[in-house]
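Accompanying notes for the structure given below.
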């Protein structure tokens, strides 16, 4: 594992919404991906990385792979935080390591490793050539 | 009520997906709007009304009002159909009357009245001036 | 219209999550129902009205009708608040009047009227016979 | 890799619903998990494995890990199929290998490996002790 660019992880607090829970009374597995995505986008926004602007220049950052471990279930009424740290893997991949902790006890609920790739006109390119990305790598 | 342009309603069959159900074991209220929307879009597609092409010409068809009555609950494993009929209201509004019936017994589950408005560069315009819309009005 | 039990409406602040936006770059119509529901549930929780406990006693509060007006579109990055006020309609129906305002300018985005009915063992009953409901009616 | 119990994979056909697409005009990453889940549940239903009945007996089958590779994007109007094959990993884990192929050209869109664990009163147990599971292992 390469050194993380962000030693103190970014954190975003959420509360479970009842419509996110399923038959079993727990948050549906797919909803965790929504939580992870929203935390990543808010994190990138805070770094002034503007997807709309990049898209207009023909550059897209897409997710090529997601790994999620489910360790504990979130339920109606729960409060939790989602963390984000980033590092690069080779020249082409940006890795997001993310955790979900139930609050206030900080119990680990889930971990995710999300792989992002930058595409310029549909082809992968070296992420460190992009202004602003050096803070993530 | 003006005469409906489509006497025999368009029908589309669905099955409930478990992630659409909530804590109470029934399909969440907001999901019915997804079902109604998908049926409307498939209906319009069958009429060769192409949103992407219209959008490129500066024309958008948007929903300005939704009324939904919930009469019975869909559950995991249920099969159902969604119907669509259309009529105009004045020159500016396209009304979709839609029902959901649980199959095979054809039990009425929900009814919706959805009001659509056409916008040309952000302003409402007479829908009957648009090629293809005469089949809906 | 009967007198509102809550003159100063309850308010809950949200931010748009990108996955809630659709092809047109705006929040999908059905997602507003999620926002309205989450605000209602948080409002009721604050009034110590506990659905799980009521359900265990054979009582369910269900939505029988939803009317939503869409006046303006929420987009990626938007911050907004959802309000809740309640009043009764006859002895059997609890009405939620709700608005969504885009912040910070307080621009009206949408209005909803949601009709709730209490069911005891599947049959409607007089809501004012329930402890705690007098604060809503 | 152990021998697959189901040499000819189970297949289920879907069509993209517009509300599943996001800002970029493609199906949101998290929605693939909905597709994969619905295909798994329909597959198990066909094997007469009844979650509700198992749950009543104190047995739950839960997802402990998901890995998804995204190779190509589904868009509005696309038709696709989701496949399911299963095998066991050790005595405690049921593995679902799943693919999504865009139709009619059978282009690989995504692959998933989903790990399921059986819990009896909250503790993992040997899956092959359960009637009906031998067809999956």
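Chains here go by letter, A, B, C and D, matching the order in which they are written, and residues are numbered from 1 within each.
Just so we're on the same page, a residue touches a chain if its C-beta (ideal position, glycine included) is under 8 Å from a C-beta of that chain, and two chains touch if they have at least 3 such contacts.
Treat the numbers as computed from the prediction; the structure is a model and nothing was measured.
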| item | value |
| --- | --- |
| Chain whose average C-alpha position is farthest from subunit C's own | D |
| A-B or A-D, whichever has more C-beta pairs in contact | A-D |
| Rounded Å distance between subunit B and subunit D, as computed from the means of their C-alpha atoms | 30 |
| Mean-CA-position distance for subunit B and subunit A (Å) | 35 |
| Subunit A and subunit D: spacing of chain centres that average the CA atoms, whole Å | 23 |
| Overlap residues in subunit C, where contacts from two or more other chains coincide | 18-19, 28, 30, 34, 37, 76 |
| Contacting residues of subunit A [partner subunit D, same complex] | 24, 28-31, 33-34, 37, 55, 60, 62-71 |
| Interfacial residue positions of subunit A with respect to subunit B in the complex | 18-19, 21-23, 25, 28, 30, 76 |
| Subunit B partner contacts - residues on subunit D that touch it in the complex | 17-19, 34, 37-38, 41, 45, 52, 76-77 |
